[in-house]
Amino acid sequence: MSSIYGHTFTIDIFGESHGSNIGVVINGLPSGVKLDMDKIQAFMDRRRAGGETWSTKRREADIPRIVSGFYNGRTTGTPLCMLLDNADTKSKDYQQGINRPGHAEYTGNVRYGGFADPRGGGHFSGRLTAPLVFAGAVAAQILEDKGIYAATHISQIAGVFDNAFDLVSITKQESDRLKTMRLALNSEGCKQKMEQCIMDAASAGDSVGGEIECAVLGVPAGIGSPMMDGVESRLSSLIFSVPAVKALSFGAGNAFAGMKGSEANDAYTMDGDKITAKTNNNGGLIGGITNGMPIVFRTVIKPTASISLPQQTVNLVSKQQETLKVQGRHDPCIVPRAVPVIEAAACICILDMMMERGH
Amino acid sequence: MSSIYGHTFTIDIFGESHGSNIGVVINGLPSGVKLDMDKIQAFMDRRRAGGETWSTKRREADIPRIVSGFYNGRTTGTPLCMLLDNADTKSKDYQQGINRPGHAEYTGNVRYGGFADPRGGGHFSGRLTAPLVFAGAVAAQILEDKGIYAATHISQIAGVFDNAFDLVSITKQESDRLKTMRLALNSEGCKQKMEQCIMDAASAGDSVGGEIECAVLGVPAGIGSPMMDGVESRLSSLIFSVPAVKALSFGAGNAFAGMKGSEANDAYTMDGDKITAKTNNNGGLIGGITNGMPIVFRTVIKPTASISLPQQTVNLVSKQQETLKVQGRHDPCIVPRAVPVIEAAACICILDMMMERGH
Amino acid sequence: MSSIYGHTFTIDIFGESHGSNIGVVINGLPSGVKLDMDKIQAFMDRRRAGGETWSTKRREADIPRIVSGFYNGRTTGTPLCMLLDNADTKSKDYQQGINRPGHAEYTGNVRYGGFADPRGGGHFSGRLTAPLVFAGAVAAQILEDKGIYAATHISQIAGVFDNAFDLVSITKQESDRLKTMRLALNSEGCKQKMEQCIMDAASAGDSVGGEIECAVLGVPAGIGSPMMDGVESRLSSLIFSVPAVKALSFGAGNAFAGMKGSEANDAYTMDGDKITAKTNNNGGLIGGITNGMPIVFRTVIKPTASISLPQQTVNLVSKQQETLKVQGRHDPCIVPRAVPVIEAAACICILDMMMERGH
Amino acid sequence: MSSIYGHTFTIDIFGESHGSNIGVVINGLPSGVKLDMDKIQAFMDRRRAGGETWSTKRREADIPRIVSGFYNGRTTGTPLCMLLDNADTKSKDYQQGINRPGHAEYTGNVRYGGFADPRGGGHFSGRLTAPLVFAGAVAAQILEDKGIYAATHISQIAGVFDNAFDLVSITKQESDRLKTMRLALNSEGCKQKMEQCIMDAASAGDSVGGEIECAVLGVPAGIGSPMMDGVESRLSSLIFSVPAVKALSFGAGNAFAGMKGSEANDAYTMDGDKITAKTNNNGGLIGGITNGMPIVFRTVIKPTASISLPQQTVNLVSKQQETLKVQGRHDPCIVPRAVPVIEAAACICILDMMMERGH
């Protein structure tokens, strides 16, 4: 089922970059949830292009219009459908046959026999993350009522690193603070250098990639299952649905490859009458199940595929080799706008898995 | 659904480390497939402990017994159930309440209210990868008939690195050669150093982690779908089901974070009358869909949690802090035996996704 | 997943009777399908209220607006979302707490804690069958290209019976003819009596039920699977999703209970070089799998729950017993308008199951 | 997924009539459930052939062997696998190419390309209902702890009718009593006539069909969802998985077709401080959701396909028309032994749906 995710709280995302509407149907919402639309809008605004160096010139208002499942300010419990308009489209930038390296035109062409909507990447576009963020904002509200918060920052852009989270002691305050920043960073120290890095790439007609670190705080121990229904399995399948994600690691992540067991294992201790871990190399997850520590993971985002530097490609219609300079409006670095997308995905997965366990 | 994976070709794994049997039910097998049981046994033997430094002393014959779905040497197309015996178990090594850091005793205890089978890790045990390997061996045979081969090697153990695959030009010969090696390496140059590294850890009562690189060759372009049914999404959910996996990356993987778009994008060219990519940073996958290049991914395996060095923990029954020296028989490094497990998982996922597209 | 159906060709229906929009997201559509919108409209018009005795006074234009998955007159293969407007709503007819016997207000109230949209039945309304019919009309077009046609008639209304289908020899001509009739009947002989029956109920402030017989012609042998993925299992789960359906039978159906094996078994014979059955008591299905004969089933529709005769009930808010005379605009008999709904459901199921087998 | 059922509590059934083993894997069992194996055996014994007129001469001990998910007398919460032996098989009765009318040999042959196991019907055999009954017996124990009981009787065999359940006031006592009877009947009055009816068919080399009525008592209001996840949808998909089932109706069922709304609607009243229905024409289900009344449904079982009277058929291998006299050991009437099967299916579905709602 192509664009459906979840077992209990499910999302079904539809739309294309330049179609009239994009949106999402959410099944399995609990009923009677008061949605704070201002808060949802604020979450969505974090993803919107805002005139920064790193943002596309395309501007969409992205004001969610809920057409079902919402009555008198509360969820009904039956499917909620939300629509967004595509208003600021310039479809003439996209011709049939164009095959931008790093984009899905070639693979989409084979998969759909040449019938995929080519305008702005169609259903493959990063634009489709807007309804994902809406669903995540809804999930986040429900999680907050359970004392669960996500905190997300840019851990790297093109070799410039932000301070990592302390895996044991991330706080709601950090979650709140990061939500207010256009460039979500633990330490402002690297901000200028990161921005410079993006500006340099932009002025060279190039782009840069990066990495995002996300933590989910307050999830009780015991969520998830061994093997196929582990939190890593369920979360990874949604995180890798986000365009441009190419790597995912939990806790100490890649560093595990070089560690000894005696360094990697998280020793247990008592915290009052509760068992807790002293360290959090496992990123809150052992055997696919939460241990009550923050769930922490890192996601690598590849550089924006759209660059104006000349590239070698083959036109899908003419089958001729050609040199391409990508037109259209794009982000020289998608990482800052991907921050709320990754956070939204985390909220959706965790809520789905908690509801499954009766929370 | 806890231990079920797949849409069309599905596996349902059951059993515990010290129960009478472990096994797998495979649904959706094509009918009429001749299974070469010797080849399946050879695949399973790659996972078996074989007396090497890095292997547990527990020895299981692991001879698959097929009880359904197989008639006159061919698959019937109806569910195939395969059983393995647990013969060499020493359950007295495991007491109720034991809480080994890095293992799932604590999380499993919360999840299952104290009723999970504690012997040898129960359903959380790496032993459960044996039926996964069986299913992967079956899938591999079907894929080979379509000209698809997997090649897998140890890319790192504890800071000792093997040569990486050339992302563009991996061959069936490499796939064949790697299958014959107890320590699957592209270059023998690092072999001695890796073994030493494991032996050192073992003699110190410690363990080491590592990384595995896997490539799947010959998958046609056009397999997968955008978003939730992308190959990365589907593969990751199975790879993270394998115990001890903590990171997964595709193609250039983590290196994308530091790359420019002009370096990362894979330019297209014509190869005869076929469009092909010149490079393979995307690991054969763009927009969730195969582009005909090798599918390449890396998996980080954390160090074996079981170490005999003393560790701080809290007993689950007494709730008392205690110093634990893990008993039982374990691998000081699980990476070599995880190689066929990761390969099996890749074969299962790719076959499932190809069958879905009518292949 | 509450309002999602299908494995390969999936539908996700959303909306409420009096919300701004209802609609459906279709995943898994083949790409490149030319949709004949006139034909789709004609299918939807069969369901619309048309001023007959048996129809509600509510009139909706029900002109489908496709917002995604459709480009240049053809399906793209990515999710197709279709919206319908709710224009002619009179929500003041519905007060909170109203509990109409035979309707889902009470059960919905318990299920959703009082937060379901009460206006016009909300998500429980028969109005939600409009997007189902759209999806069925799309499926029907794809099936017709494979030589598969559905034929559906009213087999009974309140004790007045139409001639049954000949289970062996239903034709495309009957399918075509039935699609043109407001009261879809094999024999016009019973038409006047049926209409009278409905008019009598209407003038008494009452309603009547009935039965619908549907046949799907041209489905090749070999579709379906034993046990849980049998055609009966998959079709029944969608047919019972249609509001007011309370019984379903295949082929000889209820008559099987009184038959002998020697009467019930369908003998085989050769038809040219093809094996075929001489009779069709099994309704085209044996062991969950099609045998190439028409798939034939009957569906019982309960009388419209909304009647203006006084009824005893308990108000959901006041918990007081009260005598209710249902207001609002309703069909004294829903059976004629349910004919295209049942046909749509059959087309959706059969297409889904055929695509699964690679057709 | 061919032989998998359920969302939260799932069953995966495997095996063939004459293979070494048949069995079931249950995922999603709550942990810590004490299983009363005697009670499970008693449930399974209700399905076993017991030497009566209506039973096959094949005798299987059907003693369940649990190989996983069960430790120290309680469920662990991880997958439970149960195996049964096929001991009393006479495979020589079945030749390749045999095509018994009413059986699935022809459809299975097309579906599986001639590779299905032909012995005793293979995976299509009624033998596969034994593991279904095991899973149902497990579910029944869990339901009983919640005060939920199923009662099932033969409502008809070949035109001989038992008294129907009173839809409003079925009791646990009736449930208990019916479980003890080899011929489960509300009224003993029809017993002799039914038996005679079966004996007559048997001595004529023929078989008879019938109908089973099942009620589930004590299910709270609010289980289920509108549309695709309604109880009728979910239950029907499992009931139609049982071989030989050809019709299913809820509550007043087929009678609805001839009823008026004023007769069909179940009026509400107060029972203490609880809303309840005065009648139960809807069989406990409105809008797909339970209303707290008994869930009541009827299932039509076609006559046993295996009869020794000569039948016209076509051999699948030779493609020659031939006259067949079915060999092998069969039940002249499968209805009595289908009673616990239908009850098991009901228990599995209801438990699955209750667990989904957090019960």
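The first chain written gets the first letter, and so on, giving A, B, C and D; residue counts start at 1 in each chain.
Criterion: contacts are C-beta pairs under 8 Å (C-beta built on N, C-alpha and C of every residue); 3 or more make two chains touch, one makes a residue touch a chain.
If you're wondering where the values come from, they're calculated on a predicted model, not measured in any experiment.
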Remotest chain, subunit A as reference, centres from CA atoms: D
Winner on C-beta contact pairs when B-C is weighed against B-D: B-D
Subunit B and subunit C: spacing of chain centres that average the CA atoms, whole Å: 46
Whole-Å separation of chain centres (CA-atom averages), subunit A against subunit B: 27
Distance from subunit D to subunit B - Cα centre to Cα centre, in angstrom: 39
Two or more partner chains touched - positions in subunit C: 1-4, 7, 13, 78, 111, 123, 226
Subunit D contact footprint on subunit B (complex, rising order): 1-4, 6-7, 10, 12-16, 19-23, 25, 27-28, 31-32, 67-69, 71, 74-81, 83, 111-117, 122-123
List of subunit D residues in touch with subunit C within their complex: 1-5, 13, 99, 101-104, 106-108, 110-111, 123-124, 128, 156-159, 201, 206-211, 221-230, 232-234, 236-241, 243, 245-254, 256-270, 273, 275, 277-278, 281-283, 285-291, 300-307, 309, 311-314, 316, 319, 321
Contact footprint of subunit D on subunit A as seen in their complex: 7-8, 78, 226, 356, 358
